[in-house]
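You will see chain A twice below: alongside chain B first, and alongside chain C after that.
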Partner chain A sequence: MDGVLLAQFIMNGLMLGMMYALVAVGFTLFFGVLDIIVFSHGDTVMVGAFAGLGTYVWLQSVYPDIDTVWVCLWVVLASLLAVCLLGVVLARGLIMRLRSSPPLNTLLATMMLGTVLREAIRLFYPDGSNPQPFPKLLPDTSWVLGGVTVRLDSVLLFVGGLLLIGGIHLLINKTKLGMAVRAVAQDSEAAQLMGVNFSFIVLLTFALGSGVAAFAGLMNGIYYNEINFSMGVLLGAIGFSAAVIGGLGNIYGAIIGGFVFAFLQTIGAVALPFSSAYKDVFAFAVVIVLMAIRPTGFLAERSSQRV
Partner chain B sequence: MAVAFSPLRIENLYVAYGKADVICGVNMEICAGRITGLLGSNGAGKTTLLRAVLGLTPPRKGSVVFNGMEISGLPPHKIAARGISCIPEGRRIFSKMTVEENLLMGAYMEKDRDKIRQRLERVYRIFPRLLERREQFAGTMSGGEQAMVSIGRGLMNEPKLLVIDEPSLGLSPALVNDNFRVIRQICEDGIAVFLVEQNVRQTLAIAHYGYVLAQGRVVAEGTAEELKQSEEVKKAYFG
Partner chain C sequence: MDRSREIFVCLLSAMALLVFSVVFLLAEDETVIGSYMVGGAVLLWIMVRMGVYEKVITAVSHHERLWASLVFIAALILLFFFRDNHYCLFLVGTIFCYTIAVLGLNVQLGYTGVINFSAASFFGVGGYTAGMLLNQGLVPPFAAFILGGVMAGLVGCVLLLPVLRTSGHYSALVTMAFALLFNVFLEVNESFGGPQGIAVPSFSLFGVDFGSDVEWGSITGSFYLRYDLFILVFLAIVFIMVRRVERSWMGLAMDAVRLDETASACFGINIVRWKVTAFTMGNVLMGMAGALYAMMLAYISPANFTFSDSLLFLSILLLGGMGNCWGVLLATSIMVVLPEKLQFIQEYRYLLYSLLVLLMIVYRPMGLLPRRTRVVTSEDVA
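Let's look at the complex of A and B:
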């Protein structure tokens, strides 16, 4: 294969990897803090994309002359805020209430919630059952470097994702609030005895994880120029797999897992003899094998820590 | 004893896991500047009683009054904010945090950086070992060192009441002695100490007052001297 094509595939892989990493971070945060799997998380990504699209359509109808930079900022802001709020409502209304019931109930409840979100968008978003074109929010500029086309919007999205991940890293590791989040993740009762407000930390975690997922949804929409009500199903499955192969509960593991999954898809699409339609089959199959080899994921701290 | 101010009063307390009452109608008073021991065999309900006071297992009935305010039913972090610290059963240190981060978690509610630094220095004076190991992950410390982390963390908050549940479990005799010395020191600062210990002899040696719990009920109480003679204590512990 020639170098230019390879470079193009690598860039595509990096974009996908970032999206998956952002989704996986949510899965791993929720698991880290509450030991639960939130199955509706993929659909949260979808809601983020639709919240952005809805904001865009509304802005166009009310302020048709508004500058695109502002449109973009408002769309991102509205989508993140709406989905953070969705996360908080989910945590308060469902997750916290199910605290004392078996974890399986939370799993089932969030799975059903995912369906509710999906169907709600399909039924109530105008023409929601069909794919919706996603607006070009970012400038169309691109450069050709040594034959490789680099799109400005991709660069911006990737940098945005990096900033979010960096922000979360700083929050978790360098602030007192982040220390409280880590304390709750390691021993929630002990953390409460130190004066940490458990419910607040849970709500914060859900706001964070969901907000990051919303960005992944917008990124997906802008990158593919199209979104649909069921886009969260596959993204959720991939994000969950990424979190698991990275080691559930470990943020860096989730990020690595996201990029590994994208890498596997890329290999499945270009390096293997069969059609690129099999790339997901290939990637998931490898994930299954990886799970069999390293059941606790790449960065397995949860098991070694619990001695 | 009668003159000592008693910040914590437990009245007619019932605590249950599910349907079965584990604590049935307990009354207690914990005095400031005193060590109050809580004795009882395995499964008597000592930890459960402490959990109820701390808000981790809210009582089914009865009241817990701290400094004149009802605290039963409050979430644990609000109870902690009233000035109750805890060295919990089984240490419960944050194993993926460094020793120093663990100690800082102990002072989570304190905003004043100078005070936090002073307390940190004090804990490091008491346990020089922790100073040497401050950057080490707490989970990789030895059992005894982890106990020091847990005790040090409990001291970071300058509480009005310190609740201690079996701090010397798994410690060498020398460390147990250190431990009791530290507890006495804390109490001399005017803090009320509520101490659960398996080591009856040593507990009664430093406690001022004690309660004996059996099957969720107080079966004996009195000064340490009284309890040393008590048949109930012998029964609760030795058969």
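Let's look at the complex of A and C:
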């Protein structure tokens, strides 16, 4: 394979990896504070994309001659806010109640919640059952560097994702709030004894994770120029896989997992003898094999059982 | 309550169930269906409040053999009643197939605690195996039905290592990944018909083709009648077997593995052995059910075996009450018939249905018929 094509695939893989990593971070954050898998997270991503699209359509109809930069800003802001709010409401109303139920019940409940979100968008978003074209919010400038086409919007999205991850890193590791989040993740009862407001921290985590998911949704929309109501299913499954192969509860593991999954998909699409349609089959098969080799992921949570 | 009264209660409730199912299946008008649903729910609520419900359950559990035969007879009457109604017979056949599959899931998850998020995939392995074998003309239909189960068991063996090594969420991921992989694979693989799927020849037994309409003397009926009768007999066998497993020392060992792995290992129970047994047994049941379902449906495509279908199977198990075979039968009937009967809310039915399951998990996580604690003394069973 020649270098140009390789570079193109690497860039493609990096974009996908960033998207998956952002979704996986949400899974791992929620698992950290509540010890449950919120499987509706993939659909939260989808809601984020639709919130952005809705805002765009509304802005276009009310202020047709508004500047693109402002449109972009408003879309991102509105989408993030809406999805943060959604995350908080769902966490308060449903997910925190499930804390004491067996893992299977929580998994199923959150999957059903995902179905509710999906169906709600399909039914109540205008023409929601058909794929929606996503507006080009970012300038479509591109450069050719040594034969490789670099799209400005991809670069911007990638940098945005990096900044977001960096921001989460700083928030979790350098602030008092982040310390509280980490404390709750480590031992919620002890954290409460030390005066940490448990519900507040959980809700904050959900706002944070959902906001990141909204960004991933917008990124997905801009990158593929199209969104649909069922895109959250596969994104959720991939995000969950990424979080698990990285090691649940570990943010850096989730990021690594996201890039690993994108890498596997890219390999499956280009480097293997069979058709590129099998890329997901290959990626999920490798995930299963990885789970057999390292049952708790790369950066495993420390687990010991007291009998 | 004395014995004769309990038997009377069993008879009465079996008849009530039969009448309700016939009336409900016959109803087509939306207001009528709605009022039946509301009426049934209100009646059930009143019975629960007055303590009658508990008494009925106790009476039934004391005379399970009688109850089982009553239900079997009721099912036969139901089939006879609907003998020329394609649609109702097909629904009943679907209920039977799903029940067999969920009984398999029950052995895995309800008894042994092995998480399986790919039930529909094993169901599909059985269906596709039967379809491909019959299309090639390699084996007779009955062998295809058996081989569907064998194949599902073998495919399950591939997942054994990761499933055994992982637990909880991690185990869920392995089976979930398999379910997605399986579906994508069917979609893109041309030799399995791709997204369009494949036609499946009809079942036949002792030279009787199940694809033609029934003419037994003066009785004529839909071709689904043969399928339903055959599947009903198979379901009865599976049901008895699964109940026997539950009540035997095997079930005891499986319960122990589910409840506490460490403790059961300390008591000398071989955890790996029981997990493997339960997982394989469940998969074989799903595969055989899938093979029958495929032959009854005559046409299968990847859309029949998606991840959401696996979720449906799990929801049925949870709704019925984890580990309770009767609960499985009840919940399957509800989950299969309700969406069909709720056609009038067409668009909104999946939304309502997922909300229903969600509410169920939050407010009655034990399911409709929670599994009863194992009876140890013999006087209670007598």
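Convention: the second predicted complex is superposed on the first by the 300 of 307 C-alpha atoms of A that agree within 3 Å, B and C clash if a C-alpha of one lies under 4 Å from a C-alpha of the other, contacts with A are read in each partner's own complex, and residues count from 1 in each chain.
Operating definition for what follows: contacts are C-beta pairs under 8 Å (C-beta built on N, C-alpha and C of every residue); 3 or more make two chains touch, one makes a residue touch a chain.
Computed from a predicted model, the values in this text were never measured in an experiment.
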Query: Should A:Val196 be classified as contacting the first partner (chain B), the second (chain C), both, or neither?
result: first
Between chain B and chain C, more residues of chain A are touched by C
Give one of first, second, both or neither to describe whether A:Ala183 is in contact with chain B, with chain C, with both, or with none.
first
>> A:Leu107 in the overlay: touching chain B, chain C, both, or neither? Say first, second, both or neither.
In response: second
When the two structures are overlaid on chain A, which partner does A:Val144 contact: first (chain B), second (chain C), both, or neither? neither
Which partner does A:Val289 reach: the first (chain B), the second (chain C), both, or neither?
second
Practice item. Considering only the touch criterion stated at the top, classify A:Val62 as touching first (chain B), second (chain C), both, or neither. Key: neither
On chain A, the footprints of chain B and chain C overlap at residues 305, 307
Residue positions on chain B within touch of chain A in the complex are 54-56, 75-77, 80-81, 85-86, 88, 92-97, 101, 104-106, 108-109, 139, 153, 157
As the complex stands, chain C meets chain A at residues 109, 115, 159, 161-162, 165-170, 172-174, 176-178, 180-181, 184-185, 187-188, 262-263, 307-308, 311, 314-315, 318, 347-348, 350-351, 354-355, 357-358, 361-362, 365
Within their complex, chain A touches chain C through residues 31, 37, 94, 97-98, 101-105, 107-109, 111-113, 115-116, 119-120, 123, 233-234, 237, 240-241, 244, 248, 275, 277-278, 280-281, 284-285, 287-289, 291-292, 295-297, 305, 307
Counting only contacts in the complex, chain A reaches chain B at residues 176, 179-180, 182-183, 186-187, 189-199, 301, 305, 307
